[in-house]
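Have a look at the structure below, then the notes.
Chain lettering (A, B and C) follows the sequence in which the chains are written, and residue indices restart at 1 in each chain.
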Amino acid sequence: MKFRSILFFLFCVIVGLLISIQSRIITGTFLYVSPKVIQDYDASIKSEKTEIEKLKTLISEKEEKIKEYEAISGKGDDIVASMQQELDRLKLMSGYKDVQGEGALIILDDGTRELYEYEDPNDIIVHDIDLLMILNDLKIAGVEAISINGQRVINNTEVNCSGHSVRINNQFFAQPFIIKAVGDPVIIESALSAPGTYGELLREYGLILDIYKSINIRIPKYSEAVDYKFLKTIEEGEV
Amino acid sequence: MKITSGQIVIGILALIIGLSISIQIGALDGDVIEGGLVPIQKAQSLAQELQKIRNEKEILVEEVTSLEAKIKEIEEAESKDDILLQSLISELDKYKMISGMKEVKGPGIIITIDDPPAEDVNYSDVSVIMYNYELLLSLLNKLNDAGAEAISINGQRIVAITEISLAGSNVNINSVPTAPPFEIKAIGNPETLDSTLNIRFGIIDKMRNRYSLQVKIQKSDEVVIPRYNEIVKFRYAVPVE
Amino acid sequence: MLVAIIGLVLGVIIGLFLPNFYPAEYSFYISIAVLAALDSIFGAVRSNMEGRFDMAIFISGFLGNAVLAGALAFIGDKMGVPLYYAAIFVFGGRLFQNFAVIRRLLIDKYFRKK
């Protein structure tokens, strides 16, 4: 057999190979999808994986607790202590306990400078969204408790600007807004002052945003009673 | 080798063409709405992987629930004759619900927000709703204002310390990356929630008209909102007795 | 030509048992490259029948066209322009042209010169 023929034969085999591998990869009527679909899947997968990690941590904490209970089983007082601890933690988490710790005191107020020609006075007034963004930036900075003018900020807290006053947790307030936050003071300061932050933007517009780091900030608990009219827990076994 | 003027001209033109190609590629970098084809096989295998991971997560959630039931069982066994313990247990239940550690259900509303349809977007490579995440903060605020008792976004329960931050090409909520479309569930009075959101010039109006977002609102008799899945570690805050 | 047919069929059969050795995202570009390669093969069969087969031209055409076609499709994708159409029209067209010449040669050889 001539060398040329063998070589040519080899190339044909390669092409045949590619053709059949291709036809295996591509099945179905709609042959191609856009990369956006892949991106969406990647995002969902990433998000679910993070959740799984969190759940694993939760599981190991629960298992620890069960071990603890089994070790002290029979000793009524110890179980009470352990349950009381858990209760305190939940209250702390949901804002139903006074807290104190390192943090910062933040003062937010309308600007006092002169308006430029044709400038909209709204530009140097504090709005709902300004408070919401500051609160959000504080949460991103990892603060553990926040209050505005003495009102503890919990998950249901609303910030509603109406005219010259603001309603928070159904109480009315006017400027200045005194925000207290417990967390790392340095991180809090940079979250509200570093270039590119919302806090810095407010300052550029002329609003007053002052931060006072402190080694001890006291934040009161949420003072309303809880009254859920619509919420029901899902009991064990229910779907 | 002598280089003729003709070769120089060709060389320069080739350089210009090469430059144009890379500028064009650079301009479109990140714009994955047009261009590019991926075989459906890859999408199908990713879908399978996602399903597998979701199943794994379901199993873990069930395990957490059953561990908690076991803990409660132990607590109740110990408290059978003890009024103090019994009241402690009911307090625990109450605060578990308040702090978001329990899955809840009730009448309410489901809102779905998505970016404007692809044809309307002019070379925008960043999602409109993600970049303007303050709209989500506003929406949450309005829901709270209208008396929402529990809220979740894309399966993430909103608790006191929940943050919404833009991180790369995702929005992080409770440090979990998510992406549009955003499904927001809220439990409360469906009528009140719906009408508060839909007032003229309100947040939904703004989203639809100013940002061209696709927003769907649906009232429901039963909305299920998942629990918050994390242990909160307090490193700075200490309770005051 | 028989060599070509047997080679292709054998390749397909072997391919059924081989694992995928390239990521699925590139399969579109591989398709275009395969088209270019097929055109080279048809061209080789034709030139062999005409007695003009040149191994160097075949190999350089096979590899060169395949790589160029795949690269063009890839760049076109990145630029948002469907450049792969060029490969389809050119190689597809040439494939049918070569096939036409092969047909004529076969018919002349086996049915006319009897």
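Following the convention adopted for this analysis, a contact is a pair of C-beta atoms (placed from the backbone, for glycine too) under 8 Å apart; a residue touches a chain by one contact, two chains touch by 3 or more.
Since the structure is predicted, the reported quantities are computational estimates derived from the model, not experimental observations.
Q: Among the chains, which is located farthest from chain A on the basis of C-alpha centroids?
A: Result for max centroid distance from chain A is chain C.
Q: Quick check on this structure: which chain has its C-alpha centroid closest to the centroid of all protein C-alpha atoms?
A: B
Q: Counting only Cα atoms for the centres, state how far chain A is from chain C in Å.
A: A distance of 56 Å separates the two centres.
Q: Could you put a whole-Å number on the gap between the CA centroids of chain A and chain B?
A: A distance of 10 Å separates the two centres.
Q: Measuring from the mean C-alpha position of chain B to the mean C-alpha position of chain C, what distance in angstrom results?
A: 49
Q: For chain A, write out the residues touching at least two other chains, lowest number first.
A: In chain A, residues 25-26, 32 touch at least two other chains, as defined above.
Q: Going by the contact rule already set, what residues in chain C reach two or more other chains?
A: In chain C, 24, 27-28 touch at least two other chains.
Q: Of all the residues in chain B, which ones touch at least 2 other chains?
A: Within chain B, the residues that touch at least two other chains are 36-39, 41-42.
Q: With touch defined as at the start, can you tell me which chain A residues reach chain C in the complex?
A: So the residues of chain A touching chain C come out as 4-5, 7-22, 24-26, 32.
Q: Within the complex, which stretch of chain B touches chain C?
A: Contact set of chain B toward chain C: 21, 24-25, 28, 31, 34-39, 41-42, 45.
Q: Using the touch definition up top, name the residues of chain A that touch chain B in the complex.
A: 25-28, 30-52, 54-59, 61-63, 65-66, 69-70, 73, 76, 79-80, 83-84, 86-103, 128-129, 132-133, 136, 139-140, 143-146, 153-160, 182-184, 218-219, 226, 228-234, 236
Q: What residues of chain B sit close enough to touch chain A in their complex?
A: Its residues touching chain A are 32-33, 36-43, 46-47, 49-50, 53-54, 56-57, 60-61, 63-65, 67-71, 74-75, 78-79, 82, 84-85, 88-89, 91-108, 134, 137-138, 141-142, 144-145, 148-151, 154-155, 158-165, 169-170, 175-179, 187-189, 224, 229-232, 234-240.
Q: Could you list, by residue number, the parts of chain C that touch chain A in their complex?
A: Those residues of chain C that touch chain A are 3-4, 6-16, 18, 20-21, 24, 27-28, 30-31, 33-34, 37-38, 40-41, 44, 53, 55, 58-59, 62.
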